[in-house]
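Below you'll find the structure I mean.
Each chain carries a letter (A, B and C) given by its place in the written order, and its residues are counted from 1.
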Amino acid sequence: MQIKSPDFKKNARIALQDVGLQKALGNLKAGFPVKRSIAVDRMPEFEDLRDEARDLKNHILGNLDIYLEQFESKVIENGGHVHWCRTAEDAQKKILEICQEVDAKTVTKGKSMVSEEINLNEYLEANGVQPIETDLGEYILQLREDHPSHIIAPAIHLNLEDVSEAFHKHHKRPKSDDPAVLMQEAREMLRKKFVAADVGITGANFCVAETGSTIIVTNEGNGDLTQTLPKTHIVVTSIEKVVPTLEDMTLFLRLLARSATGQEFTVYNTLSTGPRREGDQDGPENFHVVLVDNGRSEMVGTEFQDMLRCIRCSACMNHCPVYGSVGGHAYGWVYPGPMGSVLTPQMIGIEKGGNLPNASTFCGKCESVCPVRIPLPKLMRHWRENEFEKHLTPSAARYGLAGWAFFAKRPTMYRMLSKTSNWFLRTMAGKKGKISKLPLAGGWTDFRDMPAPSGKTFMQQWKEGQR
Amino acid sequence: MPNAEHHPRVGLFVTCLADMFRPSVAFATVRLLEQAGCIVEVPEAQTCCGQPAYNSGDKKTTQEIARQTIAAFEGFDYVVGPSGSCIGMLHYYVDLFEAGDSWKQRAEDLKARAFEITSFLIDVVGFDKISASFEGSVTYHDSCSGLRQLGVKQQPRTLLGKVENLELKEMEEAETCCGFGGTFCVKYPDISNRMVSNKTEYISNSGARTLVGGDLGCLLNMAGKLKREGKEVEARHVVEILAGMCDEPAIGEADYDLAKQL
Amino acid sequence: MSKAEILGNIRRGLGRSEPTDGERQRVLSRLQAKADNLIPKRAQLPHAEQVELFKSMALEAAAEIIELDQIEQVPAACARWLTENQLNELVSASDEALNQLDWSPLGEIQRVQRVAQAGDMASLTTSFAGIAETGTLMLHSRSESPTTLNFLPDIHMVVLQRSTIVGPYEDAWKKLRAVHGEKMPRTVNMITGPSRSADIEQRLQMGAHGPRTLVILLIND
């Protein structure tokens, strides 16, 4: 996937004028946040679960090497394989290699953001292996040669007409604008693909060190068909997903669905442990886990370590007023919203991803709904500090800040600056009480009036004894 | 030496925006504090809380401003200001210094004494003897830092409930950010505009005549948008209403008498 | 190569070198302890109430429930349901508990024991446990019960014994360990209602890729 994060401002402007997108984003606002709130109200222990989940994740990250090695040894014990991949390229190559070993022509795929992160589809296709997305949203996007704009509702930026159009074009069937009919069409089309695929690739929500199991959480059942029918099952996941025990996994499962879709529990929570056993009539003969690092191990022990607690529920973006205004594509890479604004600069570099942690009002809504209590605004601020230290902050902002700081550190001069600005703004406003156009403040006055000061500064009046 | 229990000595954190745009907000804060039995002083050595530097990633400048502010308010029983955002920034000072740095302890000490005005009145001194009257309906916007960092939610509503003739009409999504965000609104004007447009819609849908809030930044943003859209909703800081100091035109309104003369 | 680099990075970040056996064992003792984390009160109920909770949560998740007094009534219940839905084949798991039943009530309807195939309309399996907390069924793979039966057919009928209903998920894990020891079955499926998707305009549609209908045959044993 091409990186478009440097163009965030332009992307956002286009997104704000995109009538279809704005309509589609309306569906988000009325959906997930309302459902989450109901689910949370039904679970009185929810806040305590969040505390426990945060603490457990911290414990895991503090012993990540030990749990990962333990997980690996259990997978091997159960007859599976584990492949450690430092970079996206390592992971692409390893997956292709496994596909080529079994002479794979087609690969079915369950929904996996890590596979987006490593740009897997494009790579496989370029090397003669046809990937087929099976999650309904991802399938729609693949037909449209599009990318997810949300980590659990990938096609949230589309409207019914878009889906209807894409299906009509690719399925060569009469056009329908009934979502039920469209879903039925996808079901029929994909059924054959599930059965014919040589390899099934899924992600994993968690990897259990105790048992060597991986788990996927889906509502459609596509992931299960993807991993059960082909001869080879490849799990593409990342190193921070390991949890100690089934009980520990359960703690996160209680939070995941409620935080994500507001469901009490996702329809299918499926654990996979190694390849098929003797006597089994179905299930994969080969079981591979591809453990992707891609910059994560470098976050351990840094101010960004908290980000590794993320369980990819999407609550942060579902509640984010910036995401809600511009949608996921404006962020210009795989992970959008507040979690993406922290993660993306780590993966593509702050030089390219710098806009993302800046495009936040720090309203704190994301942190207030995060099931593992990641201090997302604080982490975005750390990126701003990082940018500032590297002199990546735009020079106009830098000089403006330096000028302001000169005064702010000198109370008497600051008083004079306030007094002068106050007088200037009052003069500009005249008797109107507001200013409609202000030089150098177009960002403000293009869209709103600037209320004028109502009199001399407080400090002036206070000194003059005007109480 | 005044008795901290009965006549606490309070340092007023004026805030830049109250100082420059709306002195009545600072005066109203003083009046409320005095009604609550406090002795109010305004330290000369204060400037800005440092938030513009902090949120721009300039940690060094933030630390310098923090030290200045900590020193300016040392010795007061409490530090109170008419803004959840600026007082919230004072609380963040703790994060600026390493453990072992004596400034960290001083920052902790400031944090324990610094309060947003409505929270101070209700949570600290238990004052709710509001003697003000306000004709008409208001809707309250919960500014983000006050709400989520400092837990300011019920306090202003409790106090507004004591104002004679005032009717509170809650808007939809009162807790959603208005899109101000300090420098955000000029760095990302298009997005900020969308957010404040959503907000003004909720405000006018509430049917209230007056928008009330606890942070001038947000109020300037929303009032500016309401004006630009020609909406007939006025905007005021909550302390102006609570202190009965609404003689001044609302935020961004022309001085009526002068306007009539024109 | 990658493995050493990844672990090296993590250890550098954590400020320590490769853990000693002792350190490792101390951490991994958590795996032996298998301690519960917070279990919501909702899941901690007397058994009769767990059953009621299971039923209401499963219904909320859009499962159908048919209550039967004994497992011997399963063939007749299947026959009724399949006849009403004009189906003439039932792909079934081959557990002893199912095979020993008298299937003559099926009449014309065929009961076949095999893996599921594309085009199959209805399947029948047993279940390992019911989890009251969210109305969730727990099934696991074994030679008698291929996993495809749980996903490929349009209708999945599942026999659930009332006595196997537990409160929280944790009790189901304990039960699973008690039966299977340390080695997990190849696949463990937790199923809560039928398949669904809201990927088109966030409008919920039932029956995405898995079964459109989940019928729980609840045996009041």
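As a convention for this text, a residue touches a chain if its C-beta (ideal position, glycine included) is under 8 Å from a C-beta of that chain, and two chains touch if they have at least 3 such contacts.
Here the structure is a predicted model, which is why all the values come from computation and not from measurement.
Peer 1: Where the centre means the average of the CA atoms, what chain is farthest from subunit C?
Peer 2: Chain B.
Peer 1: Whose Cα centre is nearest the centre of all Cα atoms in view?
Peer 2: Of the chains present, the most centrally placed is A.
Peer 1: Which integer distance in Å separates the CA centroid of subunit A from that of subunit B?
Peer 2: Each chain reduced to its C-alpha mean, subunit A and subunit B end up 33 Å apart.
Peer 1: Can you work out the whole-Å distance between the CA centroids of subunit A and subunit C?
Peer 2: The mean C-alpha positions of subunit A and subunit C differ by 29 Å.
Peer 1: Between subunit B and subunit C, what is the gap in Å from one C-alpha centre to the other?
Peer 2: For subunit B versus subunit C, the centre distance works out to 54 Å.
Peer 1: Would you pull the subunit A residues touching subunit B in the complex into a rising list?
Peer 2: Subunit A residues touching subunit B: 9, 12-13, 16, 321-322, 325-326, 358-365, 367-368, 378, 381, 383-389, 393, 397, 401, 404-405, 407-411, 414, 418, 421-422, 425, 431-434, 436, 441-444, 446-459, 461-462, 467.
Peer 1: Could you pull out which subunit B residues touch subunit A in their complex?
Peer 2: Per the stated touch rule, the residues are 14, 16, 18-24, 26-27, 30, 42, 44-48, 50, 52-59, 61, 64-65, 68, 72, 95, 144-145, 148-149, 175-177, 179-196, 198, 220-221, 223-225, 227-228, 248-249, 251-255, 258-259, 262.
Peer 1: Using the touch definition from the top, list the residues of subunit A that touch subunit C in their complex.
Peer 2: Where subunit A meets subunit C, its residues are 24, 27-28, 30-32, 43-45, 48-49, 52, 56, 62-70, 78, 84-86, 90, 134-137, 140, 153-156, 158-160, 163, 179-180, 182-184, 186-187, 190-192, 194-195, 209-213, 219-222, 224-225, 228-229, 239, 244-248, 250-251, 253-254, 261, 264-277, 279-283, 291, 293, 297-302, 305.
Peer 1: Which residues of subunit C touch subunit A once you look at their complex with the stated criterion?
Peer 2: 1-3, 5-7, 9-15, 18-19, 23-24, 27-28, 30-31, 34-38, 40-42, 57, 60-61, 114-115, 117-118, 133-136, 141-143, 146-148, 150-152, 168-170, 173, 182-203, 205, 207-211
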